[in-house]
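Several structures are given next for inspection.
You will see subunit A twice below: alongside subunit B first, and alongside subunit C after that.
Take a look at the complex of A and B:
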């Protein structure tokens, strides 16, 4: 309505037409889902956490119990590791796929996404059979005459890392693949013609054009891992707890207000991390990096 | 010009939120009233249209319930039963159903007294009329007729052990489980997540505390005792993993579920059970407040007390039924092994209902303390 107020009468009709036909309106169905399935439940969770229980008590409990602070720290640590490793693997993978012929590309992309047709639970348990003591990995070690690993990658942070990287790889590889596809192959070629070494080509051309996508992939994997429950609870075991697992336990114990306080803490710390990350990126851009 | 649509979208967003919040708070909050059997659940919900809906755990447990209890009940009554075999989120979903005023389950089962008492106190479970059920005069195991539920089966935390890896003829007690000098070797232990007071309580009993004096639990002393075996502890997460730890010889002894050890024994007969000092508790059936078919639910509960069905259940999975008559129907070789065998039973102890009340109140605290100890 504010848009209609100022311009002379001749433009009003046009402005209104633009207003009505604006593509932003296509977002309305999504907005409805967003409100119903995310915003409203989030507010309800806040209500449960703040009004149904004793907030002061619950927050004190959160801060005073070493378990929660430690698990929150570990949750961020694991999410960070998973995001770093996933992007580090997805980056060369995406570069590799994007340079194949169209037919091979299609095949490789299908292979990348086939695992996603299997449920997360099944995939976590597949890793259990591989990683656990006397599992597939130990069998292979035995065949090669190596000492058994005895579950060195099972029921600990390493187990979560392996399971989550496997789960997240397609999500990181896809935006990176898109970035490499968008990259005009003439650009590095031109740089090479002008005498740039491969390292310099990457540093000046390929890197700057693909790193924003790598950053996006990193954030995507990082956030998803922070809140994940199934894979960490199956592969992390009782010693490598992540916060999502503790939230679920509190809910099973019928302590919803405390589960809410834990969830809000995770959400808030995630938001703070994202803001810090954004500030850091802006600072890097200002000095010419990225 | 794009400012206009942007603002309009924001307005739509806020408007929607107000509408949603308004609608949900405008409704009368579906707080359970506390009167049992009042089935004024809205008709037309999917659960009402179908038959009796039962929620409990999956796996062998669920299969055994379906075979031993549900199949004969369906045959007798002609009532269709839908079995929902996932108990991981039972509490969460129950609370969600109650809040929405759409209770989906008629019967739930699979958990112990402290949890169900807590849920009953909060109005989420109906009060069971044991007089109408006839369960009050059946001579069921002590504590099986509670306001919040009907006893389903016993659950033991016993000592499971590999006989060949201990001195000849040794039958280790719970006290021996904590004695690394007399019985060296790895100790299988739960990683927590379910009734996390059990292992600290058993540690206290092993340390000489009388079961009657356990509550309030002396956490410091309990964890000091648990510390003495921590170097040898092998932790597991789920029930299946508990069996794997023993079947793969990753532990000499464990504090394990009696039924799980009986199942493991079917695959490896070197695995034995000792009930000396073991903790005995009871798992219950309960009826959610506002269950769409609470009459049928009561009928089903009554049918579970049949000694033959309970004996069948024990044969399938190893848990002992609450109806003593079911014990007489078990095969002799199983009789010597189950928890309710008089000799085995005499070695066990249980929390009193008063102690259970304390445990219910401190369940969250226990979970926190135990997880801290495990992950330290």
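Take a look at the complex of A and C:
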């Protein structure tokens, strides 16, 4: 990093009295709403967790109760699995879409986009109707003369995985598609002309140019899943409790200090993951990727 | 061979993505009291219930009104804020951008705890003010992304020309900037509308016990104990809304679809 500041523009360093003439004040109305309905609530949550309740007590309760430790471990594990599976599916899907004709690309993008905009509650509930005992899956098995699954993918980790990957797939595939589109198609072609095998083309050209986007997608899916409530609560049931659902339950029990401690754990993990991503991206940049 | 496998894989992914959206259609058309597959009997009675029974129409109208007001405010305030964020440099610009974008990464459940305590303290639980303010916060990041991208490409010479001709700030915003970025403004509104319509985590804690809930909160509350095909009928209607809005955004602001962080589920 050099010490050279951004080039000054005519707005920097103006007298404070002229603030109203400065276009930055246009952001003030939205900023007020954010302070009132976002920043202040977050601070209030921190205050209740750290000052109102007995923090030491609540943290001890968190690490000494096997149930809560299991919930933390499971949440981490599921978030990792969802992120891995989502990116593993989204990456080849995005590559496939980026190589179609313009018309087919537009169609496939809409097919990704509409599920993404469809209500999360509706999608989770649809998976319930499909996966539950005597649900759609069992109905189809019955029609084919196969034994019923009887909810093998319902109210457990597998159910959460199926529902969460469904939510995250378009969310990860769309930015990855954009990364494949930014890739100059001449580059792999040139490499092929020079005798590079498809594997080598990917290793030396396509891979390095798309992996930073894949890493960003992985991290976004991971942190989103960590704090997710609706889908784990509907598809995971009481046997596969996740952190976000646990926070919601503690709130329903009016135990706000403990819900706050759990929530700070969640926020800290999210923040640390994001910082690690930034460091990784900086590393990528340093070696000439990205 | 590899290309064919790739095609089969993509087709399987499309089926996986669309199956839960499509499955509600046969389930909702049943004439029986429960959702069964294959459905027994053909009937529109559950759509009739969804469109006429106050148990459903109340939450639906409430959700549509809340989403419309929140989306309008988010688009208005978000577009105003997008201008200096995109076009100017000032002290604190990066921090402001980070704050206004952070609802995309901060878990909603973490906001829910504080939001409940703050609005309860102000005696505004269940009040439209707390609901609208919360939904503006959750939808504004998407407005900033869509409108910001449009403003980035806006030709600044138009503003200089208008100013030379004597137009003031509000006139320029209304007569010069807004008409040129209108497709993005509408796309941003649609994005905000559908995001608000779907919010459950924070909203469920801001509603009071006897109050008519939003549609998403109502469906969420039904999931564990009701198997009424009316839920499938409401799902079909919501998928239909997503389809219309998706096609609208794809037409108006196609690039916004693949922007990073867009449409993050919550």
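FYI, the second predicted complex is superposed on the first by the 229 of 290 C-alpha atoms of A that agree within 3 Å, B and C clash if a C-alpha of one lies under 4 Å from a C-alpha of the other, contacts with A are read in each partner's own complex, and residues count from 1 in each chain.
In this text, a residue touches a chain if its C-beta (ideal position, glycine included) is under 8 Å from a C-beta of that chain, and two chains touch if they have at least 3 such contacts.
Since the model is a prediction, treat every value here as computed from it, not as a measurement.
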{"item": "Touched partner set for A:234, first subunit B, second subunit C, both or neither", "value": "both"}
{"item": "Partner chain(s) touched by A:197 [first = subunit B, second = subunit C, both, neither]", "value": "neither"}
{"item": "Subunit B versus subunit C as contact partner of A:24, first or second or both or neither", "value": "both"}
{"item": "Touched partner set for A:258, first subunit B, second subunit C, both or neither", "value": "first"}
{"item": "Subunit B versus subunit C as contact partner of A:133, first or second or both or neither", "value": "first"}
{"item": "Chain touching more of subunit A, residue-wise (subunit B, subunit C)", "value": "C"}
{"item": "Which of subunit B and subunit C A:89 touches, first, second, both or neither", "value": "second"}
{"item": "Touched partner set for A:60, first subunit B, second subunit C, both or neither", "value": "neither"}
{"item": "Which superposed partner A:41 touches (first subunit B, second subunit C, both, neither)", "value": "second"}
{"item": "Which of subunit B and subunit C A:77 touches, first, second, both or neither", "value": "neither"}
{"item": "Set of subunit A residues, in rising order, touched by both subunit B and subunit C", "value": "22, 24-25, 27, 31, 34, 36, 39-40, 43, 134, 234, 251, 256"}
{"item": "Of subunit A, residues touching subunit C in the complex", "value": "6, 8-9, 11-12, 22-27, 29-31, 33-34, 36-46, 48, 89, 92-93, 95-97, 106, 108-130, 134-136, 139-140, 143, 166-171, 174-175, 177-178, 181, 213, 216, 220, 223-224, 226-230, 234, 244, 247-248, 251, 256, 259-260, 263, 266-267, 270, 274"}
{"item": "Residues on subunit A engaged by subunit B in the complex (per definition of touch)", "value": "1-4, 15, 18-19, 22, 24-25, 27-28, 31-32, 34-36, 39-40, 43, 65-67, 70-71, 132-134, 155, 233-234, 237-241, 246, 249-256, 258"}
{"item": "In the complex with subunit A, residue positions of subunit B that touch it", "value": "1-9, 12-13, 16-17, 20-21, 24, 88-92, 95, 115, 118-119, 122, 190-193, 235-237, 244, 248, 250, 363-364, 367-368, 371-372, 374-375"}
{"item": "Contact footprint of subunit A on subunit C as seen in their complex", "value": "6-7, 9-10, 13-14, 16-21, 23-24, 27, 35-38, 77-78, 80-81, 83-85, 87-91, 93, 96, 99-100, 102-103, 105-118, 130, 133-134, 136-137, 140, 194, 197-198, 200-201, 205, 216, 219-220, 223-224, 231-232, 234-235, 238-239, 242-243, 245-247, 249-250, 254, 257-266"}
